[in-house]
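Next up: some structures, all given as structure tokens.
One chain, chain A, appears in both complexes that follow, with chain B as partner in the first and chain C in the second.
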Partner chain A sequence: MNAASFRSPWFWMTLAALGLLALFVLYPLVNILSASLFGEGPSGWSRLVSTPKYIEAILNTLILASAVTVICTIIGVPLAYVTARYSFRGKALIALLPLITLVIPEVIAAQTWLMMLGNNGLITKAMREIGIRLPSFYGWFGLITSMSFIYYTYVYIGTVAAIGKFDVQLEEAAQSLGTPPALARIKVMLPVILPAILASALLVFTMTVGNFAISMILSHRLPLLSVVTYQAAVAEGTSSITMQSTLASVSVLIVMAVLFVNRWIVSRGRYEIVQGRGARPVPLKGLRGALVAGSAGLVVAISLLPLLTITLGAFTTARGPVMQWGEWTLDNLARVFVTAPEPLVNSLTYAGIATFISIAFSAIVSYLVVKKPNLVTPAVDYISAIPLALSGTVLGVGLLAAFNGGWLPLTGTPIIIVLAYVIRRMPFGMRNGQAVLHNIPNSIEEASISLGVAPVRSFLRVVLPVMLPAVASAAILTWTTTVSELSASILVYSGGRETLPIQIFRLIDSGLMAYASAYGLVLVAVILIPVVLANRLFGIDVFSSK
Partner chain B sequence: MSIDISNLDVTYGQEKVISGLSLAIPEGCFFTLLGPSGCGKTTLLRTIAGFVSASAGSISFSGRNVTQLPPHKRNIGMVFQDYALFPDKTVAQNVAYGLHARGEKGEGVTRKVAEALERVGLGHLGARHPAALSGGQRQRVALARALVIKPQVLLMDEPLSNLDAKLRIQIRETITELQREANITTVFVTHDQEEALSMSDLIGVMNRGAVEQLGTPQDIYGTPRTGYVADFVGAANRLPVQLHASDGRLAEATLGSVRIKATDALPGPASEGLLILRPEDLKISATPHDPMQSLPAMVKGRQYLGSKTSYRLELGDALQVVAELHGPGHDGFAPGDRVNLGIDPALARVIAA
Partner chain C sequence: MKFHSIGAAALALGLSIVPALAKEPVLYTSNPVPAVEAVQAVAKEKVGASLGVITGGSGVLLRRIEAEAAAPQGDVFWSSSANTLGAYEKFFEPYNSPELSAVPASLRYPNNLFQPSNVHLVTMLVNTDLLDGVEAPDSWADLADPAWKGKVIVADPANSSTGYTIAWGLAQLLDKKTYEALVANMVVAGSSSSVPKGVSMGEYSVGLTFETNSYAYVDGGQKELKLVYPSEGTFMTADYAGLVKNAPAGDAARKTIDALLSKEAQIELLKVAFRRPSRSDIKIADYVGLPELAEVKVAPFDEAAAAKAREAFLAEWAALPKAGDTE
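== the complex of A and B ==
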């Protein structure tokens, strides 16, 4: 570090990025932690331990997260194994799995389960007619089932990637040393892919802890951490924020503990996976083939079910909460586009702006972090990863705590919604940007400079075009996830600024499933259209960057 | 354009990578910086380019001080180890890039690009993208791109190290031809002595951030001034000796317990020195060599290498030397044989220890 670094434009840009991150990431977090300790009246922590409902909520959340994690692993790992190692009929369908998690917002998945198995659900009613009373879908049963069928894809994706990198020659080596094939696989492959499985399982754990949509819709009277946090935030408003901050701090602590365990596993399990010969899938035929294809197909079908349900629901007549299945109508969609189009307009506007800001910020800041490191770079790198550890609810509470009145009043403006979107997605954009930039050699930028083009213009003319395909795919990914964001925006939005997910959530809450389906169908279309267009027009495979 | 470097210091953090380096490269010279990795040769090249800033000293191009000038204003052509072609642009667009940056447009650019590509033998590939080219073709594009802007100075950072052996020799010739033709002052960085010897007008052998010896290829190979240079350029046996008398041309020295004569390459009178024996200058025979001085030795090991055989010999006093035999019957000795090692005083040299 010498005087020249302070003169460089890159240094000041890094400093500006650090300032923004400190203001919009660190400051809200500090506000939460301090409000939990130094609120009015008794400290939040003493109220937390003396209120049975809160303790129960924490325990329930941990139990739920553990159960969902275990079930996701039980579904995801074998599914990944059979797809990586065998070929069977209908295998191509399983390749759709990443797409499913991407295009079906959680709130719509929860809605589907309710429409099938809720009190007025299709299956529930059909069963009742033939005299079978199903257990209530609200509570543990519904929570565990619906979350497992969404989150198992993360274990699946993580495991498939690890098996793909596994060198089959290790397995052959074990066999050549006298171990029977099946045993060789377990003995040799499992230890190598275990860290990846555990890492994806822990991801499921944190996502379950932070889950808002399904928890709200299906928990009913069962207290859960994200639900009581939301309720505390709604009850306290913004005048006194002790309890919501304390509960938010609890989830931050839980996620931090999980991240700590994750780091420990990663540091212990650092086997050098030498990129070796991958395995050729073995065809499965006969009964075994049918069995594997059947169970894999079932899992995928259940995951795809929401698309079918909302499509049917969107065109079905309803009288209040009662669906008149078989009677078709366009009224529901008319409401989305004509009578009450505000949620659609709001979603497109906010998510569009947020995507642009998030991608521009991550592209520039990744460039600064990777190619122009200086004294403050480690701080930028570190703080930009913090939102990964914050659930939407926690972020919402933090933004309310930090920007309600005071010197920067943002509550009640659309800015705070856009801000919530940007902060939640920015770490993913940063990771993508950094990965891309690590693969771009410094020399092409230097080549441009040596040919007489000034540094900033060299970045724009040489580095940016090379980054562009990856940036475009990151933009689409950011778009799909911001447009379905619910948990943070529902805390910070104000009347008239409802987005599609918020509107869907409120309609489900009122039991108006037909309307909810119509908004849901439009939301899925809004998510899917850019994905398909990018693929068709520019050949961008969004899932490669995931 | 000549390059003058005086008292240059470059530091990375606390570490001094180049210290007090001075160097004058005459106009039109093909100058090679030769040294192992970590010796500072790439840093020196990048300092000349302006990508690394000097912490002290100065660099001038033909008397004009460029030390504070940013790289994009130095009018240099640079060829990178990984070629650094812009992957999203075609070959022709790559070559045209520097011309556009200089505000040139239209017909003139098209003509210059075509000429430049023609000169490196790639006239037909202008529309391709770099990904569709072989390594050697990429290297030629990089060369065309650097030369088309008619730079004052051409800088090349190990441009041949990613190519296979045969292609390397081909492109060596292309590079030297183009350089002579354009008469551009060139600084070429390499760790490959063969490249350095075959291409350069002048070589600077670098060691720990300093130029250890500067000279023509013949100087560097024939009369290395230090043990480091002798060993790095070509192979050399380096043996510590006691010095006795010298008539200015031949010095008398004790090697272990025997006396031998060797060419005096000492800077001044000294009592200790380093005897430099190139393996290919040594002779082995069963009987003592006649005109040469001869030392008894025993064959300890040998490697048959096709056109020659390399022997490891023990001279007694635990001194070992490597000797290479060429010509018919070069593999005629076996480990355990007692032989005579012939040393020609004209080819053996004593330098400062």
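== the complex of A and C ==
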């Protein structure tokens, strides 16, 4: 490294980014790990080992995550395959799938499942009529079912993209060499799309480990890691954080192990498609067409059920906790906008600020990482990816541990909520930004500089405009995931700073389903409006890059 | 509607940025929205200023009061049980509200450090649709019959003060054999709110919970639900409000306590949230379909002993077999 690089503004900006990341990502993480070892009272790890409930929670979480991952793959991969390779009636509906996971608050999905399959659910009752007793929905049955029907979309999205890129000529070649069509597909296509399937399956695994909302509602007596971590955090408060930190550390270790496996799989070799010609969808007709359309449609319909529930619930009269189905009202929505608009205002304010900060930060830092690498760049790149491995609950515990009192007291302020949002969602923007920048040739910027425009100005005037469409799409994606964030913000928020997801969670907990539905419907609107506007006005397809 | 809402949102945004100019009392409350709204109007009239309301779990709010002790931001805390408040005594100051004269002496907190704002009674919430021809239970002993195995839901005493009150009370009231047989029939829920929800959704036949939670479903029009006050006696516990030490609103803070204890506020609270008044001069039957306190057999309940024995009791409780375990 020469002296000139110290004089470049880029070096100092990279250093500043590293400082921010160290303070807001590394420091909370270090705080968790150190509190688990040296926190107040007996060591967290010895308490962990000697408490059967915690050990059980860890094992249950691993079993649950494995089961959900397997089922998501079983649903997601065939669905992706039929949508990518065939055309049939109602296929357009399946394009809605990626939206569902982002749009429907998990708490509401869990509540809807209870209305269907709870002890008194519609399906449970119908089955009981014909003499079949379903197992209790609380516990394994409910957790696995509801999480699978939310997370399979991640497998679907990942696989659909991979199949789309697969070169159909390979398959034709295999067939012309005498391999039967079905076998040709398995032998030739599977190795190529397998890394994508595995990567999305591991994503499902980590998301299940970190899942908070559904676990809280459906686990009942079954201890799960995220639930016991949250309970420990609530019981310990912020004065003594040993146990919550230890449990959070366990979750970090699990996710690190998963990421390690992921790396190992990826490093074991990859089939690159140099120049692909995607397959034309084959139209399916008759019985086969009806069967495929029917089963795909069923999956979509089941996933969309919660949306129907909240739409009906939002306009239904309730007397206390009791829904008066069939009686319609606008009172619930009046509460959201007029009587108690604080959660809406808070959500819009905090998520708006957080989206702005995280997009600005990730645009600048991806530029630094890709175009101006220097000695500290690898550290910036690595640390900025860490939040991907932290569940919301872990991040919440970490922020409370790091910024409660001390030299930077942030607990009890709105800043800590915004901070939690930014840290959780910034890595998405970073990945997006880096991918875009790799495709922008250095020459255009160099041309600008050689014509006498200063480096920072060149970035603003030449590189930024090229990045802009991708940045806009990343901003919308960040917005949708930020405004629905629950698991970190529910730990760090303070009285009067409830956001929409927190308010929905609390209302469902107190049984006020009508109000919860109204807030839920508004949350869905708040998420969808920017997506639809971007699509209609600017032709940005937010989900194309994912 | 749309523009109105945007206006309201903008207004609320403005309010949240500009700190309140007037010295209005700030209420820290763990009570649900309908209960807060019920007393807000009364308080406005009695205090002459509108209340600032901060909501949150009682543990969270009490810790906040502790953290703000050097420069209090809140004036009045409302409400929690004596055994929760006990640990935070030093952050509150006694106040002998004139309204306390209508509250029975048995409910008063020593020194008037906290003011009883309402009382809770434990009830059985029974879903008569699920009885399958079996008589509805009338006593705790009825529920100890193996026929009720897996049909009775209660909140986890380790996580819920409602659950703790019930479990501790039953352990004192019943003989060991009946108590253990009853516990063996119970399914333990993670939170107290899932108890009435579970019964109203028809998932469990009987839920053990406070009257205020269970009656909301009866009042909502679910005719198949009914409340049972067990014949051996049920348990009563009071909710307290407290005046934060060095409350910034000064006299207005005291007036807020007066308002919370006032007959008007307690009637509103009874009507909207089904909270049984702490005052003895309100006739329940005039407002809701709940029995008068005098008609209900109440078993003795020692809050201090319950708080003291907590750890040991929870350990014993955890070791007892329950219905949820075998499934």
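Worth pointing out:
Heads up, the rule we're going with is that the second predicted complex is superposed on the first by the 524 of 546 C-alpha atoms of A that agree within 3 Å, B and C clash if a C-alpha of one lies under 4 Å from a C-alpha of the other, contacts with A are read in each partner's own complex, and residues count from 1 in each chain.
The definition used in the following text is that a contact is a pair of C-beta atoms (placed from the backbone, for glycine too) under 8 Å apart; a residue touches a chain by one contact, two chains touch by 3 or more.
Worth saying up front: this structure is predicted, and the values here are computed from it rather than measured.
For the composite obtained by overlaying on chain A, chain B and chain C can both be accommodated side by side without a clash.
Of the two partner chains placed around the shared chain by superposition, neither chain B nor chain C is touched by A:R280. One of chain B and chain C touches more residues of chain A, and that partner is C.
Contacts of A:V462 after superposition on the shared chain: chain B is touched, whereas chain C is not. By the touch criterion defined above, A:R133 lies against neither chain B nor chain C after alignment on the C-alpha atoms of chain A. Rounded to the nearest 10, the angle made at the CA centre of chain A by the CA centres of chain B and chain C in the overlaid structures is 160 degrees.
In the superposed model, A:G496 lies in contact with chain C only, and not with chain B.
Within the superposed three-chain model, A:G511 lies in touch with chain C and out of touch with chain B [touch as defined at top]. Of the two partner chains placed by the overlay, only chain C lies in contact with A:A340; chain B stays clear of it.
Touch criterion met: A:M216 reaches chain C, while chain B stays clear of it. Once both structures are overlaid on their shared chain A, chain B and chain C have a minimum Cα-Cα separation of 36 Å. For the contact definition in use here, the chain B contact set and the chain C contact set of chain A share no residue.
By the touch rule above, chain A contacts chain B in their complex via residues 2, 4, 441, 443-444, 446-455, 458, 462, 465-466, 468.
For chain C in complex with chain A, the touching residues are 1, 4-5, 8-9, 12-13, 16, 28, 32-34, 53-57, 59-61, 63-64, 67, 156, 159, 187-191, 193-194, 196-198, 200-204, 216-217, 219-222, 324-325, 327.
By the touch criterion stated above, chain B contacts chain A in their complex at residues 49, 51, 53, 55, 70-73, 75-78, 80-88, 97-98, 101-102, 142, 145-146, 149, 155.
Those residues of chain A whose C-beta lies close enough to touch chain C in the complex are 114, 118-120, 135-136, 139, 216, 219-221, 227, 231, 234, 237-239, 318-322, 324, 330, 337-338, 340-342, 344-346, 348-349, 412, 494-496, 498, 509-512.
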